[in-house]
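Across the two complexes that follow, subunit A remains constant while its partner is subunit B and subsequently subunit C.
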Partner chain A sequence: MNIVVAMKQIPDLQQVRIRNRQPVLDGVPMTFGSIDKNALETALQLKEAVGGNVIVISAGTEELEDTVKEALAAGADEAYLVLDDELEHIESSVSAHLLAELIKQIENIGIILFGEGSGDNYSGQVGPRIAEILGLPEVGYVCDIELEDSRVKVTRSLEDCEEVVRVSLPAVLTVMADINEPRIPSVTQILKAGKKPQQILEVEDIGFDLKGDKKIVTLSSLAPENKRKQITVKNGEELVDALLTEGVIRR
Partner chain B sequence: MEFKLSKEQELIQRTAKEYAEKSIEPIVKQIEDENKVPDEVIEGLRELGLLCLPVEEKYGGAGAGFEGFVVGLEQLARVSGGVGIFVSVVMLGTSTIAVHGTEEQKEKYLTGTCKGSWIPSVAMTEPDGADPRMLKTTAKKDGDYFIVNGTKRFITNTNFAGPMVVFAKDADTGRINGYIVDKFCEGYSISEPWDKLGSKGAFLSDVYLKDVKVPASNMLGTPDEGFQTLKVTMAMGKIGLSAIYLGNILAAYDEAFNYSKDRIYLGKPISQFESVRNSIVDIAMKYEAAKLMTYRIGYLADNTANKAKLVKDSAMTKIFVTETAVDVSRIAMNVFGSYGLMKDYKMSRIYRDAIVGPQIEGTANLLKTVVATDMYK
Partner chain C sequence: MAGIMIYSDKDELSFELLSGAKLISGHTGLPINAVCINNSEQAQGLAARGAETYLINNEAINLADSQGMASALESAAIQLDANIILLSSNRRGKELSGRLAEKLAAGCLTDVGSIKVNLDKIECMRNSLGGAVLAAQMITSDYKIIAVEPRVFEEMAVGKEGPINNLKIEAQAAELEVLEQRAKVGDTANIESANILVAVGQGLKSENDMLIIKELAEALGAEIACSKPVATDKKWLPEERIIGLSGKKCKPDLAVILGISGQVQFTVGIRDARTIVAVNTDENALIMQMADYIMVADLHDLVPEMTRALLVKKRLNGVRL
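Up next, the complex of A and B:
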């Protein structure tokens, strides 16, 4: 069984600084989104439990060929990539289309894993979109997976309850950040990562026109400006009064 | 000229950083108080390939070369100077054996360290000093054995089983050679650990060798190669020290920079004071300079066939980086003020660690004479 994990290349958020409300990305190394790493860890644990092959898929700029070594070092067996420098800021529908084409190239797929949202935009759309394109069942917010022959028993973590569902394979699952703790890749594995097989496709190979009409253009994605009130208090009583007046606490 | 880590090196750096922050940082105080690197940390380092970074893969090492080694050790030592020295001495023992050992010695001692449970030591220093000319420890040929006698001072990792490369004088010829002694063999004993100011956690004691029987096959290199072995050990040790104290500088840099943004004085962070900003800039410049020298010595070690030739460059790097670490710690301490002196603050540990660097693996004064001799020859 092949276990496919979709991972998105993003700048290492720990090293991004904000200047004038814009991220400064110069010289920031690329990595994968943190929940994508949970998805990969899920795949590796499934492989360790029942065997199989873990294949990472990703679409991104040329740097991805290097970035993917991180997933291969952590234990993925191969990678299928679409590389094009035009793929820097693509909308979810385009990612879903490209990744779906990659998935079609892979045989004998059991599970296709995603993080519940990417590390940068966190739209959480690509997994469900791909399930739709490929006509596969999809389960979101997964916090536990148990394999049962040709099915999986999946626990979903919802706002105030957990839901347990069974789903037939192949299926698309999007996992939560707390499903596991991703392993730290060993140096030996890091040094072997570059030698693992990588299938690389160009956007044209897939018959996709990136220059075509963009349906969605992101104009701005800023957090609402948060004006601090800067109230000065002299003692505990004044603090309580201020908190009451501001409605932070109630009597 | 390329001033950039490869993707693999960037990942080694991240692995070391993540491991140090996740598994060492939370127990740094325990490591210092108990003066011991805990077994689970040693196992963790071994599993991740961080214990034997430059050792060849065929002996169970990571095969990351010395470039990988300096990049990884910097991150470990940033979190604990004691763990830094511990790992550096493992490298020193394995490298000395890797360069001058026979295939059998390498198979046994390198594999036993990288894959087994051994932790190597290297014993040069004696009560009279660290200068090889003052060596009093002797090795006397007796059939298929050498009988080794002497006292070694300030030796790291003596409490672990594994190989110890002991430098001794041949009782008959007076030539200096390295001999691999299995620690805890008959005649091997150690003192109580020294309680040092900084770099706590790396176990340090004296070693007493009393009629220790070393198989003749455990001599490193040929009898007349001893001086070369010594030079290799001297060079390798300095590469380790440079990486440790680069990590120490990075720690001081992080601490001072963050503190300057967090500490509020008269309603503003102290980073608003020009003097504080200048201090941070001084630290940043010194870190960059030390980093260039350290990464370069890693590169040279990977690209110099005769490692004995690295003595001068490694000495210059070690002097510069360890003295810079002391400077940087002092500047960083000034950014902190009194808080930095308090044991609850990481800065106090960084400062105590920094002071250690220039005094070990050859003092700066001694090493400058080594460099000068090479320059004026």
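Up next, the complex of A and C:
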């Protein structure tokens, strides 16, 4: 059984600074979204339990060839990528169609895993969209997975309850950040990651019209204005006095 | 083809969406249709709020199955001639949004934090780049799916009664089987509705130190919240208490932020607080830039000091503790 993990390359958000309300992305290295890493860890644990191959799929700019080594080092067996420098800011519907094409090239798929939201846009659309394109069942916000032959029993975490459901395979699952703690690859694993197979496709190979399929326009994108008092206080008492004066706490 | 359709699995969120639909309808003149699935109580609530309500009763449609739910709403949108579809951006709503959008070849925006209508253009604001920026976006496809965050709109008030119509939708039995549904055990904190929040991050050294945080929260009358690693990595607090992009977005009067560096994925969930206090050992921590009151200190020293100061003030004021 192949276990597919979809991951999204994003700028390392810890290194993004804001200047004049604009994000500064120059020189910021690329990485994968943090919940994507939980999805990968989920796949690796399933592989350890029942065997199979873990295949990472992703669509992004040329740097992805390098970024994907993170996932290969952590234990993924293989990567299927769509590379194109036009793929830097694609909308969810485009991502879904490109990734669905990659998935169609992979045989014997059991589970297709996603994080519940990407690290940058967190829209949570791509998993359900792909399930629709491929006509598969989908369960989101998963916090526990139990494989049962040709089916899977999963626990989904909603705001006010947990729901245990069973679906037949193949299925699309999106996982929560607290499902596991992603492993950190060793130095040897990192060194070996470059030798693992990467299948690379270009947008033309897929026959997809990137520009013809725009459904969203972005009118503006600015850091919110930050008007704060910025008063430095020296101790707990001074702080409490200030908050009382401000009226945000009551005596 | 034009009209607005709203749907949420949660009654109160559907009442909020009705207010959102009113805003769009006020500018565009488009009719509003409220859809309920296997929930006649919700239908009555929507009708009581003046909505043209459509109730779908079909036991084959399973709330837990996004595939069947999306099919049902697709049929409803076509039958009702609605092209603008407002859904709630709770977990079920977000799952449904993507799936329904794909069915209708629609552009879709989730986690929408506000809506502005400019002539007939619907501008949606949502966080982007992990919350570093707020993007104003517009859907250009014929069908538009907008999933609105909870509490963006006030619930529509009860008013002139609207009609409840039955809507017949064909459905196939779900492939997905629900085995069990259980309430979340233990912690049922609602940090989104708290007036005061004490938020802890990785500056907290051990789980035992949570005691001093609890004492401070009690003295302040605050709920305890946290940054993501405190819940997902350390598991010192449940996931319900996470502030941030993948957690809750809170707007308390006061947020006391302890030992959190202030990455955007966190601050996006607290930047609308009225007053922010930041306590951190690193004076250059990002959180300091977005605080009203800044205290460079180790939280393990400051927190007991602050609790004592609060208790002394209360005692001076004759409040029995």
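Heads up, the rule we're going with is that the second predicted complex is superposed on the first by the 218 of 251 C-alpha atoms of A that agree within 3 Å, B and C clash if a C-alpha of one lies under 4 Å from a C-alpha of the other, contacts with A are read in each partner's own complex, and residues count from 1 in each chain.
Note that in this section a contact is a pair of C-beta atoms (placed from the backbone, for glycine too) under 8 Å apart; a residue touches a chain by one contact, two chains touch by 3 or more.
This one's a predicted model, so the numbers in the text were calculated from it and none came from an experiment.
Engineer: Based on the superposed arrangement, let me know which partner A:P185 touches: subunit B (first), subunit C (second), both, or neither?
Structural biologist: After superposing on A, A:P185 lies in contact with subunit B but is clear of subunit C.
Engineer: Contacts for A:D160 in the overlay, against subunit B (first) and subunit C (second): which applies, first, second, both or neither?
Structural biologist: second
Engineer: Who does A:N121 touch here: subunit B (first), subunit C (second), both, or neither?
Structural biologist: second
Engineer: Just to be sure I read the superposition right, which of the two partners does A:G194 touch: subunit B = first, subunit C = second, or both, or neither?
Structural biologist: In the superposition, A:G194 contacts subunit B only.
Engineer: Have a look and say if subunit B or subunit C is in touch with more residues of subunit A.
Structural biologist: C
Engineer: Scan A:E70 for contacts with subunit B and subunit C and give back first, second, both or neither.
Structural biologist: Only subunit B is touched by A:E70; subunit C is not.
Engineer: Residues of subunit C touching subunit A in their complex?
Structural biologist: Residues of subunit C touching subunit A: 64-67, 70, 90-92, 94-99, 101-103, 105-111, 123, 127-130, 132-141, 175-184, 196, 220-221, 228, 231-233, 235, 239, 245-246, 253-254, 263-265, 271, 274-277, 289-296, 302, 305-310, 313-314, 317, 319.
Engineer: List the residues on subunit A that touch subunit B in their complex, please.
Structural biologist: Residues in contact with subunit B: 29, 66-67, 69-70, 73, 184-188, 190-191, 193-194.
Engineer: Along subunit A, where are the residues that touch subunit C in the complex?
Structural biologist: It comes out as residues 10-11, 13-14, 16, 18, 23, 35, 91-93, 96, 116-117, 119-129, 131-133, 137-141, 153, 156-168, 174, 176-178, 181, 214-224, 226, 228-237, 239-244, 246, 248-251.
Engineer: Touching subunit A in the complex: which residues of subunit B?
Structural biologist: 7-8, 10-12, 15, 18-19, 22, 47-50, 53, 57, 62-64, 68, 72
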